[in-house]
Amino acid sequence: MKSLGSIRRSFAPWADPAAKPYISFENITKRFGDFTAVNNLSLDIYEREFFALLGASGCGKSTLLRMLAGFEEPTSGRILLDGQDLRGIPPYRRPVNMMFQSYALFPHMSVEQNIAFGLKQDGMPKAQIAERVAEMLKLVKLEQFARRKPHQLSGGQRQRVALARSVAKRPKVLLLDEPLGALDKKLREETQFELMDLQQNLGLTFVVVTHDQEEAMTMADRIAILDKGEVMQVATPAEIYEAPASRFVAGFVGTVNLLEGRVMSRDGATLRIKGASGAEILVENAPDSVSSGEVAFAIRPEKIKVSPRQPAEGTPNVMAGEIFDLAYLGDMTVYHVRLADGQVVKASALNSARVSEDQLTWNDRAFVSFAPDAGVVLTR
Amino acid sequence: MNTTWSRFNIASIVLGFAFLYLPIVLLVVFSFNESKLVTVWSGFSTKWYGELFRNQGLIDAAWVTARVAFISASFATVLGTLAALALTRYTRFRGRMLFSGMVFAPLVMPEVITGLSLLLLFVAIGLDRGFLTVTLAHITFSMCFVAVVVQSRLITFDRSLEEAAMDLGATPVKTFFAITLPVILPAIVSGWMLAFTLSLDDLVIASFASGPGATTLPMKIYSQVRLGVTPEINAACTILIAIVAVGVLIASVVNKSREVQRQRDEQAAQRT
Amino acid sequence: MAQSMASDRPDAAPAVSSGGLGKAVGNRLVIIVPYLWLFVFFLVPFLIVFKISLSTTAIAMPPYVPVFGLEDGLSGLIASLGELTLDNYLWLTDDALYFNAYISSITIAAVSTLITLAVGFPIAYGMARAPTSLRPTLLMLVILPFWTSFLIRVYAWIGILKPEGLLNQFLIWTGAIDSPLLILNTNTAIYIGIVYSYLPFMVLPLYSALEKMDYSLVEAAQDLGCPPASAFWKITFPLALPGVVAGSMLVFIPAMGEFVIPDLLGGSQTLMIGKTLWNEFFNNRDWPVSSAVAVILLLLLVVPIMLFQQAQARSLEKGR
């Protein structure tokens, strides 16, 4: 468990109790009429962090971003940026800049003018503006497009102009609202890495709003999963995936099998769960808090092994079933195995060999098995 | 949409446009008629245009009309734009229903009622009828047309442009003048043109609101038309039509070429 | 675009958040200036019309009493309230002339609205089915007459419709008739004038409703066994209905109060309320009666105007 946090890189100020958060949402609530967009939410973001707000549409993530930018004021609670309370500060005086989902490039201005706009507002001397604009154009590799108007650019180029414009002022925090949403899949993948490099090079704090879990997992240091205006879990991508805090998070990110059951006994960190079908599940590394009651055992498909032959006697966590459906995806195959009690378990197997002896097909009898530490026990 | 343009469709369009344009074409043709009789063709002549320029009354009226139209269109554009902003940007304020009612009602209000009511107002407040009162009347009804034109542009306006400007440090006032205004400018210009033509064309409201010394061209034409159809009036009408047609054509050609250029740019951008 | 951008926000979000654009652009000034202007030059005049419609005719300037001058102070103002009378309205009901004028205005406006709809629908439909590249041009051709003077377009018909006019010349030349038809100075001329002048107002809303319609709906109906004529009435027409309502109101309302067309094309026996009002005002100089005529005309138009306004507001909301 403790190794998960360091999978990505050693940058982890959130794990350091002495570190001071850079942005703090403190008990933020935002209502629009009867609708509560954000409900008593608290969240800390650290300097130089690449932080993602992930959730379905309507979960309050954009509202949170717009409150940080100053386009909405919280109904209650406060937002601190670098120790300063932001309440009452209009958007044009906040040291944060935003990259809009629609890019919001000024259609009557050239690329240069768009990038220079924010600098002019600060009254920066002309020579310095020109220098900074050139630097930004170089950064996003758009030097030869400086005099073009936004409508003369492709979607990917527009996205880069929007990015250059929002970082030109060197804001303390860059807010990105679905930054890659308007790009096609291939371009999106390339741009993800460009964004990460940019954030590293400039040393900025990024807060990105997205509904695309892959995007969040790839780019972010930490992800906050939001639902109905509340934070479900804040953790690194690996933790979110491997150690989801609740059934919701487990189901929201990736594919998961939830095996419902009841705790029978606890022995140290080992838990015995009786599944709904009567099968027994052995779990190691169970959290200390769980020793009884209804729980769900969450396990990812790739951690389940499917085999036509029964595993050796004494192997824990073996269940018999029948191949109910399968999807051949090229690099791997996903099996839907119907267990004795009717529950369908998804298991994926990497097709590491071109031809396999153990080919399973529809209606074959199969055994699924998994290691005692391959999944997590969820109480929520 | 897949188009199966049937013969019936084509015929209705051809007949419809013939109906719309034939009377105007005939009017223009007969302005070049030699004869005093408007409806009997007796040879080509431009003499009626010469007559026209010797008719001091008509020329004075044309000058009055042009000034009224210019001034009223300019004021109406400012007021109409403000009204459109008020209607799109402020979804809730006291008396909004009444306000939107006052903006939309003049669009369909019979001109006799608008004219009569304005006249009675001017009498009640003791304003002498003349140039000023016609101008005030024209501002009032044409600002509503401007408001509708600008409003329909504002509705499709991407508000994130303004948010982006403020996010980059522009104050709201600066944002309005640097971003909002330039973006909606084409709509404001067409609003101005509409207001200008409306003022140029108006007979009924001007008849009520105007007074001695401020006879507008439509009033002048009307008083002569009542005496019968003359080639001279045909000539005057032809000039008016020509002015408007040229204006509209230029505007649409400029628009069209801009649109074509834009499409070409966009296609080019996709290739890069 | 705006919609997708706001996907994460409820639509009920207030238009102006704190620090929003309005606050500093004189916030309220944006509303107050046009509001006051319309209040003074649109609403107040109506109140004056209403007040004068309750006054008595007098040979003076202005030609009515009471004048409601403030020179007598508040008590004078209240005293003159007593002088208001409903006589003008009673007079309107007494004299069959006015009643007939209203009835004939409604009839003429309604009939010409129907004719305009019948003429305009095929045109709008043809335009909506035209090749996409041709549509902007067709649209401009419909709008163009709207930019040319109303007066001129009505005037053009005098030369065509009069007994020795072009239409009669043409018909005699083709041998269809022997002696000229009397069209000018009849109600027929008025119908022609109204249909001609207001046709663009009908075609535009119809076109925008029809253009939005997905033609595959008609094809689907036919595929499901509906013959073309029946598909028109069951699919096309209902979907074009908002355009039909808007177009009809745009023709009916101004046609009701039309003055120029009945005056120039109609005969002396033609009764239309706009013309009656004009005559009452300019020829008889009876301001109170013409005000009463205006008030009643307005009352007749309240329902259609409200209908139109609602349709307008709805279509604007939809555009959001």
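Every chain is named by a letter (A, B and C) in the order it is written, and numbering of its residues begins at 1.
By definition in this document, contacts are C-beta pairs under 8 Å (C-beta built on N, C-alpha and C of every residue); 3 or more make two chains touch, one makes a residue touch a chain.
Remember, it's a predicted structure, so these values are computed and weren't measured experimentally.
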| item | value |
| --- | --- |
| Chain hops separating chain C from chain B, counting only touching neighbours | 1 |
| Contact pairs, highest-scoring chain pair | B-C |
| Remotest chain, chain C as reference, centres from CA atoms | A |
| Inter-centroid spacing, chain C versus chain B (mean Cα positions, whole Å) | 16 |
| Separation of chain A from chain B, taking each centre as the mean of its C-alpha atoms, in whole Å | 55 |
| Where chain A touches two or more other chains at once, by residue number | 70-71, 90-92, 100-102 |
| Set of chain C residues in contact with two or more other chains | 1-2, 5, 14, 19-20 |
| Touching two or more other chains - residues of chain B | 158, 160, 166, 171-172 |
| Footprint of chain B on chain A - complex, ascending | 69-71, 90-94, 96-98, 100-102, 104, 106-108, 117-118, 121-122, 148-149, 151-154, 157, 165-166, 169 |
| Sites on chain B touched by chain A in the complex | 158, 160-161, 163-172, 174, 178-179, 182-183, 262, 265-266, 268-270, 272 |
| Contact set on chain B toward chain C in their complex | 1-6, 8-10, 12-13, 16-17, 19-21, 23-24, 26-27, 30, 38-39, 79-80, 82-83, 85-86, 88-93, 95, 98-106, 108-113, 116-118, 120-121, 123-124, 136-137, 139-140, 143-144, 147, 151-152, 155-156, 158-160, 162, 166, 171-173, 175-176, 180, 197, 200-201, 203-204, 207-208, 218, 221-222, 225-226, 229, 233-234, 237, 240-241, 244-245, 247-248, 252, 256 |
| Touch list for chain C against partner chain B, complex | 1-2, 5, 14-16, 19-25, 30-31, 33-35, 37-46, 48-49, 52, 62, 119-120, 122-123, 125-127, 129-132, 136, 138, 140-142, 144-145, 147-153, 155-160, 162, 164-166, 169, 196, 199-200, 203, 214-216, 249-250, 253-254, 256-260, 264, 274, 277-278, 281-282, 287, 290-291, 294, 297-298, 301, 304-305, 308-309, 312-313, 316, 319-320 |
